[in-house]
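So that we are looking at the same thing, I have put the structure below in structure tokens.
The first chain written gets the first letter, and so on, giving A, B, C and D; residue counts start at 1 in each chain.
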Amino acid sequence: MAGSGFGTIFRINTWGESHGEGVGVVIDGCPSGIPLSEAVVQEYLNRRRPGQTRYSTPRRENDRVVIQSGVFEGLTTGTPISMAVYNETQRSSDYSEIAGYYRPGHADFTFDAKYGFRDYRGGGRSSGRETIGRVAAGAVACALLRELGIEVFAYTASIGPVISNPASSLRENREKSPLFMLDLDASARAEDYLLETMRQQDSAGGIIECSVTGMPAGIGEPVFDKLDACLARAVFSVGAVKGFELGSGFGAASLRGSENNDCFLGTENGRAVKKTNHAGGILGGISDGSEIFFRAAVKPTPSIAKAQQTIMRDGSPITVNIRGRHDPVIVPRAVVVIEAMAALTLADALLAGMGSRMENVLNFAKSRAVRD
Amino acid sequence: MAGSGFGTIFRINTWGESHGEGVGVVIDGCPSGIPLSEAVVQEYLNRRRPGQTRYSTPRRENDRVVIQSGVFEGLTTGTPISMAVYNETQRSSDYSEIAGYYRPGHADFTFDAKYGFRDYRGGGRSSGRETIGRVAAGAVACALLRELGIEVFAYTASIGPVISNPASSLRENREKSPLFMLDLDASARAEDYLLETMRQQDSAGGIIECSVTGMPAGIGEPVFDKLDACLARAVFSVGAVKGFELGSGFGAASLRGSENNDCFLGTENGRAVKKTNHAGGILGGISDGSEIFFRAAVKPTPSIAKAQQTIMRDGSPITVNIRGRHDPVIVPRAVVVIEAMAALTLADALLAGMGSRMENVLNFAKSRAVRD
Amino acid sequence: MAGSGFGTIFRINTWGESHGEGVGVVIDGCPSGIPLSEAVVQEYLNRRRPGQTRYSTPRRENDRVVIQSGVFEGLTTGTPISMAVYNETQRSSDYSEIAGYYRPGHADFTFDAKYGFRDYRGGGRSSGRETIGRVAAGAVACALLRELGIEVFAYTASIGPVISNPASSLRENREKSPLFMLDLDASARAEDYLLETMRQQDSAGGIIECSVTGMPAGIGEPVFDKLDACLARAVFSVGAVKGFELGSGFGAASLRGSENNDCFLGTENGRAVKKTNHAGGILGGISDGSEIFFRAAVKPTPSIAKAQQTIMRDGSPITVNIRGRHDPVIVPRAVVVIEAMAALTLADALLAGMGSRMENVLNFAKSRAVRD
Amino acid sequence: MAGSGFGTIFRINTWGESHGEGVGVVIDGCPSGIPLSEAVVQEYLNRRRPGQTRYSTPRRENDRVVIQSGVFEGLTTGTPISMAVYNETQRSSDYSEIAGYYRPGHADFTFDAKYGFRDYRGGGRSSGRETIGRVAAGAVACALLRELGIEVFAYTASIGPVISNPASSLRENREKSPLFMLDLDASARAEDYLLETMRQQDSAGGIIECSVTGMPAGIGEPVFDKLDACLARAVFSVGAVKGFELGSGFGAASLRGSENNDCFLGTENGRAVKKTNHAGGILGGISDGSEIFFRAAVKPTPSIAKAQQTIMRDGSPITVNIRGRHDPVIVPRAVVVIEAMAALTLADALLAGMGSRMENVLNFAKSRAVRD
């Protein structure tokens, strides 16, 4: 089953394992005429690169992207864009130990159950390095959306029990916080929490929030391909995500209709102007033009040095301490991955919905009758 | 864009509006040889039928299903199964009023934004009646899963602020509660809450939980088609869902790795035996064979009689009281819809993953060489 | 496997067997705003209806179509269009005979090999009645194309050894010939050939040609979804088709490059003007705006009354004479089926390619910012 | 639109232009456990490599494949297999000339019409080098099929007017003929024809035949995804193909039913044994287990040195002589491309149809309950 593909019109396919030749992605269906260079993509990859703070793995990875096709004279051509990040050092670590047992919270057991065996080096295909392809493709999707005035902005909302105060949260703080939080006071407390967690040879989780502004109204499909359903799948396809909510989310369950409904006040450039936005910018699966807002829960990194009980491949019990350079928290590095998945979802929904009205089809056909 | 389809191998397409000829579904890709009759499907439809308690709309709808193809001599044939529920009474209500304004919390505005106009009678395609096709198809998916020993079981976990106590929850209580709750004491309190809500001409939301037992390990795809990602999309495609979480869900965000990891204790029939199940039965997007457990938040019904502010199609303001026979809460009727979406997702993942190992492909090819 | 679906954006799903409740189709992804009524669809269905001449089965089938959803106030709404033709008389024929043996040239054996058993009444799903859904959906695709000035026109080019002379072929002759030929003299000779064939209790095949005019240039995808590749699949998915060729077709194999190349002379409304059209209107998988021209070979009807040797389900030999009311030739009735498949292919390619240039995406997004 | 992908379960995505970094392919959905190495793939690529005879372009290209992921310890892992062939010499040719005009028979005009501009160096994405990805992926599909005892064998049947005599055709001759013909006498005459063609600065076409043996019965889907329809699309997606026919093909159009029907004689290992094979191994879209046999017409190479009339991008007329090292005939090099496309189609159909019977699904689920 071809499960490494995402999207219908703007479609990507990622490939690569932690310890193979490298990782990469092929984008098929990107429109022609978008300015694109390796520098644009690299900027996104740098945001997920490890080794930048003490809260991420100290592994040094440059993660230099190469664009191998689909761009000519600085513009996308409409043909597949292949991008790769090659592994610089073929790490020679001895993986015979983890090859023998199933790490708790990891996909070791389930890969064996599915495929009969697995590339156990560094997690193989279930390694976090798989997200490099997503981020590179997400950078291209963001470039497309930016041409339309659409911005995708994600950040860390909480780390373990430390929660940002929306009142003290400013977008310009994101790059000032080593954890990509908008509330610098909460960020400092989260750092303390993480240092304590690391001392205990343990790990932490957190919550990421994402906001999309500038969406036109009318994007998304009304039944199974609801825009929120597609976002839910996209975000949940990121390894450590355990929860997703849109707008008022789980809170909506205990509200009354009169509290949760958003009153319409008017329209502006075809977009709904509403008194509140409990809907999170999507009604009946279709964007209403207001801010799209969702949250994702990220579990604590499963690799911890603390002693854990598990089993060997033959079923016999064993106590393990997973050594190595692991992230005590992956939330900050996952922020750009969530942005990427949101951007890929929106770009695809936009392109897939271009023929929803006959008048748009007519305009398209007319544009073909005009020579450049 | 063909957004009314769901699934790759076991694929369904729903059709129909609230006030047209009827609603229906075509299942394409169902294996041959599954016992199926209208009675089996009807049982599921009856669980979502309105008019059974005072907490659902008093509209009388029999919702009799007709199987139109794909079944011969009591067995599925492998060809498309078309099922329809025809609207018995062409309701002659006057919809000119709601045609003119945008109901808060509904898809009126976004349908207009997407398609330029809409079938405004009873919500048209965004009506809850669209889920009839899902439930009918879900009944077939459940029949398939049952042959494999897989059971999908959903129930109401909370209504508004009234939450079931897991300690007092028993599966056999579900049919005893008019709200499909497992904790009968909570169910009684939820009824009180609903009566008060109805007196206030308002509506309520709630939370649905779903448990899947008997799953084999090794089902689901490791990257974008993770089993949990597919479940998230499936569940979020149900109109009023605002949140989805698997296993420890949003709670995982504040746990430490040593708390959230599930220790492996052994295996049984190829399934993982674990000390805990924070993972919710899925690791790295692939089933580990333990119980799959997820929760969905459902918003309060947007149609309320209470006065609300909104706008007309031309943008002018208006205050509306939405009359008619609306459900004060849709959670109980949505329980079987969530079961259906889960079953459809699992059946498709199972069939799509049959070729993950070459040994399975060889066994399949050999089976073709043997005459019946 | 969901093999009864066709298309990506303009997607159809057919259902139904020869002797069940009926046959039908669901179109998902049709743009809103196209005028549509049952009369428009019926006109196409009438062209494939049997019993109109002595060269088709004398079975009386009215094949009245019902549109069940997706049309409101005479216009498509953008939501699924469900159409059905119900079987008027549940034919009570005794099929126990054909249930026991494999008819030569039919799918009896292969259905059994695939599914383990089959609905043997009248061919079940492999019956020609399955094409009713295609033709109904094709009528809608033609309505869409006509709005863009695109016409799809197919006709019978030969019956058995009787070949139309292009020099005597006129489009307006098609409806004058009971065989839908454009050369009335050839049509008369083909009638003689058919009468002789029928006397011998045998059947005949033929060739259908199809011409598409008014296509914009730039439609189709350059690699696997080449417009000609999609047409080839679409046409070959019609039961009896054994060959497909585009433009100069098989003849191109023996030409030299200087003979087969079409010289460009200029452009007109964005379309190529060429000295010749050996390419058949498609270059590199993309329409060049000139006439799209292809041919399909249709095999003789496999059901014949003449004695044939075959085997029973248990492998034992038997000699059979297939009785019943079978078409001595299906070519004339297949003409509208070929038109339908071509129209479905082109409509989908048009819609799927709307986002090939960023400027088209920008124009679409801008259109969303304007209120109706 | 994502048109560079092929397949549903065994899915490939090719990328790359003639003059970029290189070309490649990602296979997603290949089962785990198939022995695979670069040597296996290289063998197929060598068969399409130019410069081996005087009838192909004298360009020297080594076309060394690199497997970048999805193989571990000599076996496929079930995760994406990325393969690339890097361009060794960044050719510095001056393409400013062909950038300005539209080459007859090429996709220059249609790419411009679709995308607004194009990478004109060496044909860009419409270059024959795009087929490298197909052949590399096809080598993997062939490895899969071989495990099941299925062999795909293609060869040149004719070059221009020179046609092989089936009676003198031997499979073992293929590698002895520089044109991959099975009739060595015809091959010698075809060489003469090609030398004369080259002297005239012209090019030639031909016909490729392909035979598949060892197919199980019951593979393929009955309606739109008929096995022959999928083969037709696959083969027609190869650049220069203008015709496709299965079994008796266009010849069937002039036969009578009694001549074209294949009588069943018995079964062997679940496969049909028939007196003849006009069906070409497929009935009702599903394999019957006998030899699958099809033919493809390949047009003469459009690049010729002979003077041709055409237009500039601005529409002004020009006479051109296309210089450079072009193949006078591409048929021999296309043989392995046709094999690849057939193998990819069959592998996907096999995997996609594994769940057609409930008994196969049950066996698969049981296999998951057994530990390795």
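In this text, a residue touches a chain if its C-beta (ideal position, glycine included) is under 8 Å from a C-beta of that chain, and two chains touch if they have at least 3 such contacts.
Since the model is a prediction, treat every value here as computed from it, not as a measurement.
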| item | value |
| --- | --- |
| Between the pairs A-C and A-D, the one where more C-beta pairs touch | A-D |
| Chain located farthest away, centre of chain A as origin (C-alpha) | C |
| Cα-centroid distance, chain A relative to chain B, in whole angstrom | 26 |
| Centre-to-centre distance between chain C and chain A (centres being mean Cα positions), rounded to whole Å | 44 |
| Distance between chain centroids, defined by C-alpha means - chain A, chain D (Å) | 37 |
| Where chain C touches two or more other chains at once, by residue number | 1, 3-5, 8-10, 14, 29, 32-33, 78-79, 113-116, 125, 217-219, 222, 267, 270, 315, 352, 355-357, 359, 368, 371 |
| Footprint of chain C on chain A - complex, ascending | 8-10, 29, 31-34, 76, 78-79, 144, 147-148, 216-219, 222, 267, 269-271, 350-352, 354-365, 367-371 |
| Touching residues on chain D, where the partner in the complex is chain C | 1, 3-6, 8, 14, 102, 104-107, 109-111, 113-116, 125-126, 130, 158, 160-161, 197, 200, 202-207, 217-226, 228-237, 239, 242-267, 270, 272, 275, 278-280, 282-289, 297-304, 306, 308-311, 315, 317, 352-353, 355-357, 359 |
| Touching residues on chain D, where the partner in the complex is chain A | 1-5, 7-11, 13-17, 20-24, 26, 28-29, 32-33, 66-70, 72, 75, 77-82, 84, 112-119, 124-125, 315, 368, 371-372 |
